[in-house]
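Lettered A, B, C and D in written order, each chain numbered from 1.
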Amino acid sequence: MSSADIYREIILDYYRNPRNYGKIQDPDIAQRDSNPLCGDELEMHLNIKDDKVADVKFTGKGCAISQASASMLTELILGKDFEYVKKLTKEDILDNLGLHDLGPARIKCALLSLKVLKSGLYSYLVDKLHDTASADKIKEESSGLY
Amino acid sequence: MSSADIYREIILDYYRNPRNYGKIQDPDIAQRDSNPLCGDELEMHLNIKDDKVADVKFTGKGCAISQASASMLTELILGKDFEYVKKLTKEDILDNLGLHDLGPARIKCALLSLKVLKSGLYSYLVDKLHDTASADKIKEESSGLY
Amino acid sequence: MQTSFISIENIRNDFPILKRMVHKNKPLVYFDNAATTQKPIQVIEAISNYYLNYNSNIHRAVHELAEEATLAYEATRDKVAKFINVKNREEIIFVRGTTEAINLVAYAWGRQNINKDDIIVTTEYEHHSNIVPWQLLAKEKGAKLEYIGVDDNGELILDHLDTYLKTGKVKIVAFSQMSNVLGTITDSEEIVKRCKAYGARVLIDGAQSVPHLKVDLQKLDCDFFAFSAHKMLGPTGVGVLWAKKELLQEMVPFNGGGDMIREVHKYETTWNDLPYKFEAGTPNIADVIGFAAALDYLNNIGMDKVREHEMELTKYALDKLSQIKGIVLYGPKDVTKRGGVISFNLGDIHPHDLATIVDEDGIAIRSGHHCAQVLMERLDVSATSRASFYIYNTKGEVDVFIRSLNRAKELFKL
Amino acid sequence: MQTSFISIENIRNDFPILKRMVHKNKPLVYFDNAATTQKPIQVIEAISNYYLNYNSNIHRAVHELAEEATLAYEATRDKVAKFINVKNREEIIFVRGTTEAINLVAYAWGRQNINKDDIIVTTEYEHHSNIVPWQLLAKEKGAKLEYIGVDDNGELILDHLDTYLKTGKVKIVAFSQMSNVLGTITDSEEIVKRCKAYGARVLIDGAQSVPHLKVDLQKLDCDFFAFSAHKMLGPTGVGVLWAKKELLQEMVPFNGGGDMIREVHKYETTWNDLPYKFEAGTPNIADVIGFAAALDYLNNIGMDKVREHEMELTKYALDKLSQIKGIVLYGPKDVTKRGGVISFNLGDIHPHDLATIVDEDGIAIRSGHHCAQVLMERLDVSATSRASFYIYNTKGEVDVFIRSLNRAKELFKL
């Protein structure tokens, strides 16, 4: 897709005015990752209540795509229940961003936040809920992300 | 040069009936080397008396060229004085063998014995005669052999 | 020049070098395939094509050339994984060759896992690259290096392995799946089975097996596996280390530098995911991409056919050679137990002299210790001559070779 | 498109890739030369020619192909020695690239010579390949790693070096002769002089300098020097380590295997002469031979002309770039103190986004940390965009680039 299509008003807005930017004190889930190829960094914090995403924030450094993607993802999952988050796919993220046909290098930017989210969820399921069955499924799904 | 020229009667004779093959008890010079590329091995023993090669023997494993060359070299230097040995060149050896235009791989076979001889002489000059000036010259010469 | 299963003529047409003359007017007979094979035009063009059209550094850039180069480089990884039947592509590490692969294991796994008095087992028919790294490691750690012996038929004496394993001190057993001197095919599955029973790790040197036999790593179930592209129609400068993911994850990095890191800070650094953790610096991009063309070529023929052709040729050559008076042939007589590598000595003609003589007739064979001096000691020879075959060799070439050996005998008055 | 001293048109004709279109119809503008350069047809053909005509393993065989290949491989060593003005050809070791060269030193020299509490000095503008190997070594030995800082002009603060040297504990100082991010040309002779006074060894990373400047190792008088062929018109998979003979002789081997040994016995082994002691296994023969063609090409132009051309182009680009509002340029302003590598940031456009946009216009630049995360921390940025030039780049291409940057500004509403 062309730059004009990628860098639409809305992406730039989320890049410059990211929603849910910041940290949560004592979050239930805190997960950080970086893209070794480009150096982008992302950290997500979540609070879980009644199997729902009660709060979510992110911080990070990176390109418009990765930051907008992270910000939009936080909006997407806020208030949603666990099952919803578990089922989120790569395609959901790209749909939500309105970005398709990104090249292999840039698609990683768009998916870094989902990778961080799924890794965080994975640890949570293993450590807190001892639900290794779901955890393993998520691990497998998210290993296909990059 | 063609194989027929290399493997003349005389080379085969020196290969199969090497003159001066064997070891010297308590030699004044004992030097061993091997060709890392092909595994040929050669050891030379010399006795020095009145600055002359009083006795010389060699042992080794290797091809017809290397063994004939070593054997012929022992004949060449037996009874000769030091200065003669010092001055021996690569060309002298090849002339003596009647081998010219050997390829780079096989020329090493022909020159292994001279290399061993010069290294032995070098150590002798340094250790016994403390003649580092001559020694360094030999070292430099012999580094061009291979 | 047509056998029942592959059209050798078609194959030979893909290898331009086979049309060249050596020593002015002698058609080249290339029997030095165990050292390195020739390359089909498809491989040569894949390399040129990369440089002509999409040369770029990989992984870290977003521009179009980089994207194309990265895709092609990573596609080779998938092809390699498939070729040796490996499940996880990230277990495939590109290195320079078998030698670097084994050294990588000795450094990055060995230095963490081998301790004083541990035993490392190798065999008497190993290539130096599967001996020297273990000698260096054993020396550094005060460990012991032991050898599985070779019997008079050129096969490993597996009783020796049992003796070592029973000490309970064996940490790793490293052996070649096919001897580069004797051609012996190792009973690898049996060795792996015995090692497993004692918890010893297994490294297999596949430098001579992968080019000539169908290799299935899921069936073999070893821990480490190494081979070189240049011995299987591929370019020089590329090799593969495969290892189990759990092992690669535990291992410390080997080389440090670009691409193998996640984050570098002044005083601490974290590592990239597999396989990149072990691919520091700009890799040999062009040749990795060229290697894919070699794998395609072999897949097109089929490894079963490759093996069939070589068995037929080896049988033919062994029959002819054994009729020469004064010849000593090394290795198994049974062609189902060996590959197309034939080592021999002819009377008292030293192998170097023999190689010089047959070279004059256009025939490229190897002479010397074949980087297997421990085996030379075992065979009690200083050197052997070695002819080794590949898919493009023919019975007609074997005939030329036999005639040349007879000429050598005449020259040496045998 | 003709400057006063080289006909760029002729040069460009030698690089077929420069005629290609990217994104369907955009002429390629290749400004990612610090990552890897393009290859002239002469290099591509030298590699093909090797495979088409004389492919063989080297050093150990007597047949004609092996002899031709060995001669060509060793001839490259002579050319390299001459190119960097080195006296002893056996001091030239072929490796995969700069990264492997530095790791070789860290393993084979470092592990013998670095002890607890010793200091290793590097700089804040090093590439990861000149940081991570030292981190690994320092960790293993309990030694300290210290950094020479970078001032606001992008130059090293040599006072820092003095402070470290004065402790008397510095064993080695490792630095790049040209920064791959800032373009800064290091005052290498001055650093060597100071290090000598304290008996510290010096390793110079020449990955960015050798391709672009005349380098004279006899004048430099450092101890170790490393560079990569692929950044100077040569193939991927080849690099050079040069080191002083006395050091190489004292050093233990790095990789063990074929070619690097003199005699292998079961329990002990002796090493081959230099340089082979450090070239274990089958080397990257084809690409070493291809590298010779790259050196010939550069010699034909003349390194002085290369430098002149790049200075002119860099000056032109810096002038144009500095006129763009919102741009931040890194590195020295004075083109005599820098190479043709320009790092910058434009407003709040992240370098990856910028690289994507200019790529759409056919321009290949790099974005990210450039394997220099320590420098990114120093500059307090997460990434920069980088355009880097070589002999085939033109002012016209710079103009295209400037237009594209302005388009990026528009897209980002700056």
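To be clear about the criterion, contacts are C-beta pairs under 8 Å (C-beta built on N, C-alpha and C of every residue); 3 or more make two chains touch, one makes a residue touch a chain.
Fair warning: this is a prediction, and the values are worked out from it, not measured in the lab.
*Asks:* Which of these, A-D, B-C or A-C, makes the same contacts as B-D in over half of the contact pairs?
*Replies:* Interface equivalent to B-D, from the options A-D, B-C or A-C: A-C.
*Asks:* Please work out the Cα centroid separation of subunit C and subunit D, and write it as a whole number of Å.
*Replies:* Spacing between the chain centres: roughly 31 Å.
*Asks:* Based only on mean CA positions, could you tell me how far subunit A sits from subunit D in angstrom?
*Replies:* Chain centres of subunit A and subunit D, defined by C-alpha means, are spaced 37 Å apart.
*Asks:* Based only on mean CA positions, could you tell me how far subunit A sits from subunit B in angstrom?
*Replies:* Those two chain centres are 75 Å apart.
*Asks:* Suppose each chain is reduced to the average of its Cα coordinates; what separation in Å results between subunit A and subunit C?
*Replies:* Centre-to-centre distance between subunit A and subunit C: 45 Å.
*Asks:* Counting only residues that touch at least two other chains, what does the list for subunit C look like?
*Replies:* In subunit C, residues 60-62, 64, 66, 259, 261, 263, 352, 356, 367-368, 373 touch at least two other chains, as defined above.
*Asks:* Of all the residues in subunit A, which ones touch at least 2 other chains?
*Replies:* Only 37-39, 106 qualify.
*Asks:* Name the shape of the chain contact graph, picking from line, ring, star, complete and other.
*Replies:* Chain contacts: none of line, ring, star or complete; other.
*Asks:* Which of the chains are touching one another, listed as pairs?
*Replies:* Once each pair is checked, the touching ones are A-C, A-D, B-C, B-D, C-D.
*Asks:* Give the list of subunit A residues in touch with subunit C in this complex.
*Replies:* The contact residues of subunit A facing subunit C are 34, 36-39, 103-106.
*Asks:* Enumerate the contact residues on subunit C facing subunit A in the complex.
*Replies:* 59-62, 64, 66-67, 70-71, 259, 261-263, 272-273, 276
*Asks:* For the complex, give me every residue of subunit A touching subunit D.
*Replies:* Its residues touching subunit D are 2-4, 6-7, 12, 16, 37-41, 61-65, 106, 109.
*Asks:* Given the complex with subunit D, which residues does subunit C contribute to the contact?
*Replies:* Within the complex, subunit C contacts subunit D at residues 16-17, 20, 22-23, 28, 30, 32, 35-36, 38-39, 43-44, 47-48, 51-57, 60-66, 96-100, 102-103, 106-107, 127-129, 131-133, 135-136, 145, 147, 228, 230, 235-238, 252-261, 263-269, 280-287, 352, 355-356, 359, 363-368, 371, 373-374, 377.
*Asks:* Would you tell me which residues of subunit C are touching subunit B in their complex?
*Replies:* 348-353, 356-357, 360, 367-369, 373, 376, 382-383, 408, 411-413
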